[in-house]
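Here come two complexes built around subunit A, the first alongside subunit B, the second alongside subunit C.
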Partner chain A sequence: MKNKNLKALLFLLPAILFLGVFMVYPLIDVLIYSFEEGYNSASQSFFGVGAYNYSYVLHDTYFLQALKNTFIIVIITVPVSTLLALLISLGLSSIKPLRNLFQTVYFLPYVTNTLAVGLVFMILFKKTAYTDGLVNMIIKMFGSGPIDFIDGPYWAKMFVMCFYTVWVVLPFKILILTSALASVKEDYYKAAKIDGTPKFRTFYKITIPMISPMIFYLVITGFIGAFKAYSDEVAIFGTDLNAAGMNTVVGYIYDMLYGDSGGYPSYASAAAILLFLIVFTVTVINLMISKKKTVY
Partner chain B sequence: MKKSTSKQATKIRKADSVLMKTVVYIMLGIWALIVLFPFYWMVLSSLKSYSAYSSEFTPKFITLEPTLDNYRSAFTEVPLGGYFINTVFFTLATTALMLFVTIFAAYAFARIDFKGKNLIFSLFLALMMIPNELVIITNFVTVTNLGLRNTFSGLILPSVASVFYIYLLKENFEQIPDELYRAAKVDGTSDLKYLFKVMIPVCRPTIVTVIILKVIECWNSYVWPRLITDDPAYFLVSNGIQAIRESGFGRENVPAMMAAVVVISVPLIVLFLIFRKKIMEGVSRGGTKG
Partner chain C sequence: MKITLQNLTKKFKSKNKKDPNDVIAVNDFTYEIPEGKLIGLLGPSGCGKSTVLNLICGLEKPTSGRILFDGEDVSDVEPEHRGVGLVFQNYALYPHLTVYQNILFPLQNLRGKDKLTKDVMDKKVMEAAKLVQIEEYLERRPAELSGGQQQRVAIARALVKMPKVLLLDEPLSNLDARLRLQTREELRRIQRETGITTIFVTHDQEEAMSISDYILVMNAGRLDQYGRPQDIYDDPKNLFVAKFLGTPPINVFEGAIRGGKIVIGDEAVTDFDAPDCSVWVGIRPEGMTPDPEGTFTAELDRVEIMGRDTSVVCRHPACQSPTVRAVIFAKRADEVRPPDVRFALEPSKVLVFDRDTEERIRPSAEDNNEK
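Coming up: the complex of A and B.
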């Protein structure tokens, strides 16, 4: 028996070591940081313990802006992407020819580098001195003036942001929903057909309940992912997100940690814990709703 | 009479379903276009010469004089080749180390009866809920204090252990019947030999899945490399593209930027087209994005 314990320890040692140093210790440390007031990263000293860091972060206009942006992104992209994914998956499962081709195409954004393709999106939407950009060209055809999507009005920027986010997150959702739809038993549909049930009713009474666990799974992971939005923003608006007014909470954390405005791990920690609390609360609420509504 | 109306009804229903199908195809086609267009645009722009690109007030959808000059400048004017090699090395090293850690941990949880196994496993699972953003702050400080900024160890080490992959592999290892293990034990096979001769070959599909997911994650990683490197000699492609965008080829040389974007995107797309089934299966089993 002893021999076995030793062996297990040996096998687990690398994992425990890595997780201990890079996950467990940081977890405790981040809590401590967040309550240390006036922490100085050069001398590694601080002069008090309390909630000052939290109050600083909550009164920082950059944080409030980031929080607002993050919430808008979450509220727009999660429902839009989930609905769109549902529509596309329904379309996909109703056809046979070309289905594989479409599926392959739809999955492409998943395997591309967000930073790289974000640059293409920026080019498509950007208005510069010598060109209005492709999107503006199309808008012009409908008789509207050019809009500066990258450096212009807030909602134009937010539109690009949400559009790109949806573009990036859809592949995963389509993939999950198509396989969920494929796993609904054919018998149910046959029975409904024999009973002469209208298509819409079949969809509402059979399809949706059968795939509801997967929809909730996507909504929950979608919320979590959207709250952590950051690299997509950098991809479109560059690293100085505060200047663009498009920062997110995660972006705020990194800015506090590093870069021109960095060097404040305590503020970063406080913001990170606030974000964690928000995500945690939203996830718990989601789980509670899904328990009530889902049919298993 | 009755027969003919029912015939007519089927005809109408058929026409209806043809119409439905057409609408579905058009819808799917539009979304496919939206997905593909940025890829088309980046390849197209990368083939236009700088002067041709800048003289187009209205962007053109084709180019009659394709040039590879931009690809040349992508590799000569900015250290794209270096970013590329860095990323390949980072991806391979991280994935290899991750596999080593994951396989041994999964084996211990699946096959060895040791004291406190359930407790330790539950603790591992609890770690799965911890978001990266929470631990990255201390990791940044740790790595900085260890003097590992701008080194590959600093880049690689924090992303080696992944509880989720351990969990995935452990579940798979447990599906292999116990009898096989006991028989091997009776024959005097060591755990290590059993692991390498039986478990790993049998669970190859899951291991391949884990490798694929990790490779995608590594190739696209941006946040941690950005925090931990400010020396371009250690940039990965994501940071490289960001550096190129902010100070690369003179601010407005879009065609050269697009050439760099193409170069960065191609490896994963090729990988995807080769292992399409495997990748989609793997992602639906254990992937998320973001």
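Coming up: the complex of A and C.
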């Protein structure tokens, strides 16, 4: 028995080593950094141990702004993108002609580069001295004044941000949901049809419960992904996110490490630990709900 | 309810590009299904029997021909308005609902003037559950039941609305041998108790023979023969039906009619009053008895004793299959000695078929009697 365990450990060794060095150790290290006050990366020295870093981060208006932005993005984009993806997948699975073409079209954003797409979005929405941008031209047709989506009011910017985020995460969700819909056995629908089940009831009582594990999977990964948003913001508003008022928590961590005001690994670590705690809590709640709701 | 199928034909568009001809799943199927009987729709895989079922319940629309329920044309009526219950081979129970909710589901679909109160629904579910004897499992989910129990739940769900017809698509195929025996008795009992016209599809001839009032034998989309199970077994219309019914299957030999006798190899085995021609001779395994005075000789291969039955397995050069099988009384097994066994043949178990058309040839004398 002991021999067997040893063998198993040997087989696991590469994975344990790899995960330990690149996942577990940095995590612990970040935790340690976050409690070291006045850490200096050049001299590798610090003044003392305590919760000052957390206190600093939690009182930093940039961090609070980033936290607010992140939460707004999460709360808006996760439900909206999941619902939209469900609607589009339902449409895709109920059309016969050109289904493959549409599936490809909807999947294209997934294989395009975030920064390139962000640039296109910026051009669509940006107002410059020469042009108001395509979106503003359309708004004008309906008789409204031009809005500067990129450098303008906060809600205009947040709208572009959410719009863009939803657009970026849609293809993956559509891919998952169309395959989930296709995996529901035809017999269930036949049985429902013979019993005279109305279409909506079939959808609500059979289709949704059948694909619910996949929906929960998308919601959980969607939450995690949205909490870690950063590159999408850079793609549209550039690297100085604090100035644009559109920073996210991950953006704040980056700024604290390498930004113009950076060089504070302790603050960055504290912010990272806070983000970890938030994501962890939300994921646990999600899992608890999904366990209750999916029964098979 | 009486169901009439008139010249029912269903063609599917070919998906094979090399062969653009339509696939004819059901070909000119005409039959009147009597009321309140248990009907076995029997045939090999791919013969179109499931398509017939789908046509009756309305999941498929016929290419031509009509379906009448009690004289009323329902060919274009949607499935939900036909009043049929359907049970699937893999049960198709909703896995996220309990047994109770599964049976309740069809009742909750009723709208408008048919809408039922909660109490009535509850009563109906309990009745259906009692009928199939699953009252104790109502709070379980399908995954927590055995295959046989799941199939009963599926039957209860199909019966809860009291359909005029109950259709079962290979209802026993997913069960193991013992459960299959049990469940088929159960099926018979449920049908008797409810008196609902029931049609079940199967490729297992034993299943069909054991519980059906009538059997329809299908082959390549056509209805080959119908009747009471024993009648079809004793008096098959053609070689296909003869081979399809019976375990062990009928032994088929190349033979001929010569001067009023059936000849297999160089032996004249029994009298048969018909003009000379080449034929297939089918001999049921139970129609062969070892007898030193017998007229038919085969080379002994082995004797198999399987519980109640004793089979004598022989070889014969004229036989279609590699072995000839005779089922005999265990007592007579001692009389069987190598190398050759002589058999006496029971004339009613010897069936003759035309070599080309494979249609049955009946002795002329018998024909005269019938007339």
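What we mean here is this: the second predicted complex is superposed on the first by the 274 of 296 C-alpha atoms of A that agree within 3 Å, B and C clash if a C-alpha of one lies under 4 Å from a C-alpha of the other, contacts with A are read in each partner's own complex, and residues count from 1 in each chain.
Here is the rule we go by: a contact is a pair of C-beta atoms (placed from the backbone, for glycine too) under 8 Å apart; a residue touches a chain by one contact, two chains touch by 3 or more.
No experiment lies behind these values; they were computed from the predicted model shown.
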Side-by-side fit of subunit B and subunit C on subunit A, or clash: fit
Touching partner for A:191 - first (subunit B), second (subunit C), both, neither: second
First (subunit B), second (subunit C), both or neither touched by A:56: neither
Touching partner for A:159 - first (subunit B), second (subunit C), both, neither: neither
Touched partner set for A:206, first subunit B, second subunit C, both or neither: second
Larger contact residue set on subunit A - subunit B or subunit C: B
First (subunit B), second (subunit C), both or neither touched by A:124: first
Touched partner set for A:14, first subunit B, second subunit C, both or neither: first
Which of subunit B and subunit C A:268 touches, first, second, both or neither: first
A:71 touches, of subunit B and subunit C: first, second, both or neither? neither
Touching partner for A:217 - first (subunit B), second (subunit C), both, neither: neither
After superposition on chain A, the shortest CA separation from subunit B to subunit C (Å): 7
Intersection of subunit A interface sets (partners subunit B, subunit C): none
Sites on subunit C touched by subunit A in the complex: 57-59, 79-81, 84-86, 88, 90, 92, 94-96, 105-106, 109-111, 141, 143, 157, 161
Contact set on subunit B toward subunit A in their complex: 20-21, 24-25, 27-28, 31-32, 34-36, 38-39, 41-42, 45, 54, 56-59, 100-102, 104-105, 107-109, 112-115, 117, 120, 124, 127, 130-131, 133-142, 157-158, 160-161, 163, 166, 191, 216, 219-220, 222-223, 226-227, 237-238, 241-242, 245-246, 252, 254, 257-258, 260-261, 264-265, 268-269, 271-273, 276, 279-280, 283-284, 287-290
List of subunit A residues in touch with subunit B within their complex: 4-5, 7-9, 11-12, 14-15, 18-19, 21-27, 29-30, 33, 41, 84, 87-88, 91-92, 94-95, 98, 102-117, 119-121, 123-124, 128, 130-134, 137, 167-169, 171-172, 175-176, 179, 221, 224-226, 228-231, 234, 238-239, 250, 253-254, 257-258, 265, 268-269, 272-273, 275-276, 279
Subunit A - residues contacting subunit C, complex: 185, 187-188, 190-191, 193-198, 201, 205-206, 209-210, 212, 294-296
